[in-house]
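In the part that follows, the structures are each spelled out as structure tokens.
Next come two complexes built around chain A: one with chain B, the other with chain C.
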Partner chain A sequence: MMTIEVKNVSKTIRRQPVIQHASLSMQSGRIYGLQGINGSGKTMLMRLISGLIVPTDGWILINGKLLGKDLAFPERMGLFLENPAFLDRYSGFHNLKMLSSIQNRIGDSQIRSALDQVGLDPFDHKHYRKFSLGMKQRLGIAAAIMEAPDLILLDEPTNSLDTDGIALVKKILAAERARGALILISCHDFSILQEMSDEIFVLESGQIQKHLHAPDFM
Partner chain B sequence: MSLKKLLWFDLRRGLFQKPLFFIIPTLIALISCFDLYRRVLFVNPNETLGIKISAGFADFLTYLYGGTTTYDPYSGNPFARWMLVLLSVCFLTLHYPNQDVQTYGQQLLIRTQSRLAWWLSKCIWNIAGVLLYHGLLILSAALFCLLVQADFTGGPQKELLYHLFQVVPEQRMPAAAPWNCCFIVLPILVSLALNLLQMTFALFVKPILSFLILSASMVSSACFASPCLVGNYAMILRLDTVTVDGVSIKAGVILSLLLLLWAVIVGCVRFARCDILNQD
Partner chain C sequence: MLCNTMKLELKKAICNPYFYLTLLIGLAITFFSLVPSLQSYDQDLRSHQQFAAEFGPRNPLMQMETLFNHWIGGESFTPGSGNYFFLFPLLATIPYGWSYCSESKSGYVKSMVIRAGKMPYYLAKYAALFVSGGLAVVTPLLFNFLLTAMFIPAVRPDPSYLTAYGIGPASFLSMLFYAHPFLYVFAYLLIDFLFCGLIACLCFTASILVKNRVVVVLLPFFLLLGVHYLCYSLLYTDPMVIYRQCSPMAFLNPVPTSYDTTWPIVLAWGIGLFLLTFASIVLRGRCHELKKTAVV
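Right, the complex of A and B next:
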């Protein structure tokens, strides 16, 4: 069971407020959507929750532990930020194998299964540099889900994906939710979020303007 | 455990898979050595030096790490070569940490769960890179010496010091210490400190600005023979065992170690709280 509490968090970068007094709480087994136009602060909020950037004010609690003090990054987190980067001279499988070797929680079969789930050939030896945009996107999603994390943060995962790819993402997220993961997904396309999310936070100029629950936006 | 794995990734991706780390020091050493060899042996030795002389290993190293006794903008050759030797490695280590943390390394970082491990891994990678660079520089010079059957035993020769670096007898220490490893260890130690400082500065400003700060400090060191400017300790010709009024080797070792330690600690504190953002 995972809980995340974001309490009155603000972030200023180069004197520009990018997140202002954001408060929200989330728990496992649900999909939360972040919706907003470009520059509304979706990615920044994701980065704050992932521990990559530090709040100027406020605090973030992950299972009651203060992020940035009690822990540097949320434990068991799968992170996918826009334009994922992998090693050009390695295949998709080898890229994921190297990442997974850090925590050593999963073996080759789980890596291949994650690749299969996102629609990539697990035995394909093609180097990452020869991947299409959509394939790169799929590999990024595979990296985020392969270790069965408790927290999955996905920033614009449907970018560059065709309709089949989008359907695949929806299917994967539903399975991850059923497994008990807490999923936070950002997307500028409201209709995609509507289909996938249990709750949606609407951001505008770095502020959470609306908090919608599933029946409200269906 | 995570530090060990991170370090292996850094050494592999940031060093062994970067051909320039191997090509640049080898080229600098071979070109410089050939230049010295040509100047000593083929440019009319009787007219230039008055006597028959051949350069030894110590002369080749002095040619690379010598610098200048006093800065003369019109005899730019030794100064430019010394700058090239020390700044090339700064440039080679400039971009990797920043690029890593914004790309694939970001995924490694969140999996290690430790910013401290990431920073320490980068420090060790940096030290390894600088040692590899200077190691290859010296090795290439040694191979060149073997090829031309140069002497490995003696120190820098007075006649060459005078004709190549304009070290006049009055500037030279009357009882110059025999050639020893400090002559070459100190420039490498300074180089280590400078590279770690650059990596730490890059946590506060853009990497290229950090490189420019380092370059400015090196130019200042060349212009002003002051013991406060660390670059002075990286010039063999400014050491007190070589020239009168030179800088102390002992002070150089202490200053370099202090700067090195300062860079590691300040970088560690800074990285623990710094924002990891993409370049765009």
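Right, the complex of A and C next:
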């Protein structure tokens, strides 16, 4: 069971406030959506929750532990932020194998299964540099889910995906929710978030303007 | 986690086309320096034979011809030797110097740090840079030494002929050269390995300031070239004075080409480079926020 408490968090970069007094709480087995136009602070809020940057004010608690002090990053986190980034000269499988070798939690079969889940051929030897945008996006999602993380952060996961790809993402997220993962996704398209999320936070100029629950936005 | 990250980074550093290419260039330079070196050995042998024919069968001058002044690190008369000890900072940085800059730009760093942690990732990157830089420069030197040893006997150098070896009484590690020449070669290979490792790590420091990976790879070379130029244009101005060699581009050559260096100079450079590069790793690991990723 994972809980995340974001309490009155603000972030200022080069004297510009990018997140202002954001507060939200999340728990396992649910999908949370972040909605807002470009530059509204969705990615920055994800960076704060992932521990990649630290808040200027406020605090983030992961299972009651203070992020940035008690722990540097949330444990067992799958992250897909902005653009998928992998090593050009390796295949999709090899890239995932290298990343998974750091924590050594999963074997080849789980990596192949993650690739299969996102619709990529696990035995394809094609180098990452030859992947299409959609394939890169799918590999990024596979990297985020392959280690069966407790927390999954996906920033615009449906970018560059065709309708089949978007349907696949929905299916994967539903399965991950059923497994008990806490999922936070950001998307500028409200209709996609509506279909996937249990709760939606609407951001505007770095502030959470609305907090919608599933029946309200269906 | 640190161990796994270290293994991964080392694999990325050693099993990459840039490392192989650099190794190939290094091996080619050192291999082609062997040919003129063997020719010169052959000519010298012939002249000694003529000398022996005129003055008697026992020829003490034979002591001048040894493996230790014909391998690439013992001679300075072949173009291969000159080129190698001019280009070595580049050979140290090409294999993996670009990696942090490239990973930081693409956003790959994020995938690494959330799994390994910031400090283990940066430490592993440091170790991989260090090892790749050291190996890329020292492997061709070792190859040349072994190849030369197949043709030229490892006769122990005689101090009576010190002009033939280029290593005088005031030279760095000269006692070792005349007493235990193999140890001298090993010591120099070790010093070169350490320095080239540190020079490769300078790329990490450069990556903090510069975001272009070509510039990052070239910067340590031009920095050392600048130091070399400053030494020769500002310090070594009086031809009547015997100076101490302060330029790493000169003192990392096992045979001194102009001035001799000393332990304090070598240590000061080594410690300085280590502190500069390691401090940038620690600062990056402790303070850096992964704010933005360039679109690739």
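The rule is simple: the second predicted complex is superposed on the first by the 218 of 218 C-alpha atoms of A that agree within 3 Å, B and C clash if a C-alpha of one lies under 4 Å from a C-alpha of the other, contacts with A are read in each partner's own complex, and residues count from 1 in each chain.
Just so we're on the same page, a contact is a pair of C-beta atoms (placed from the backbone, for glycine too) under 8 Å apart; a residue touches a chain by one contact, two chains touch by 3 or more.
Treat the numbers as computed from the prediction; the structure is a model and nothing was measured.
Novice: Have a look at chain B and chain C on chain A after the superposition and call it: clash or fit.
Specialist: Overlaying the two structures gives a clash between chain B and chain C.
Novice: Based on the superposed arrangement, let me know which partner A:208 touches: chain B (first), chain C (second), both, or neither?
Specialist: The answer is neither, since A:208 touches no partner chain.
Novice: Figure out whether A:85 sits in contact with chain B (first) or chain C (second), or with both, or with neither.
Specialist: Both chain B and chain C are touched by A:85.
Novice: Could you tell me if A:192 is touching chain B, chain C, both of them or neither one (first, second, both, neither)?
Specialist: neither
Novice: Quick check on the superposed pair: does A:103 touch chain B, chain C, both, or neither? Answer first, second, both or neither.
Specialist: After superposing on A, A:103 lies in contact with both chain B and chain C.
Novice: Could you point to the stretch of chain C, among 44-52, 80-88 or 152-160, that collides with chain B in the superposition?
Specialist: Stretch 80-88 of chain C has C-alpha atoms clashing with chain B.
Novice: Same chain A residues contacting chain B and chain C, which ones?
Specialist: 13, 47, 50-54, 72-73, 77, 79, 81, 83, 85-87, 89, 98-99, 101-103, 143
Novice: Touching residues of chain C toward chain A in the complex: what are they?
Specialist: 1, 4-5, 7-8, 11-12, 16-17, 103, 106-108, 110-118, 289-291, 293, 295-296
Novice: Using the touch definition up top, name the residues of chain A that touch chain B in the complex.
Specialist: 13, 47, 50-54, 68, 71-73, 75, 77, 79, 81, 83, 85-87, 89, 95, 98-99, 101-103, 143
Novice: Quick one: in the complex, what on chain A touches chain C?
Specialist: Going by the criterion above, the answer is residues 13, 47, 50-54, 72-73, 77, 79, 81-83, 85-87, 89, 98-99, 101-104, 143.
Novice: Across the complex, what residues on chain B touch chain A?
Specialist: 2, 5-6, 9, 13, 17, 102-104, 106-115, 272-278
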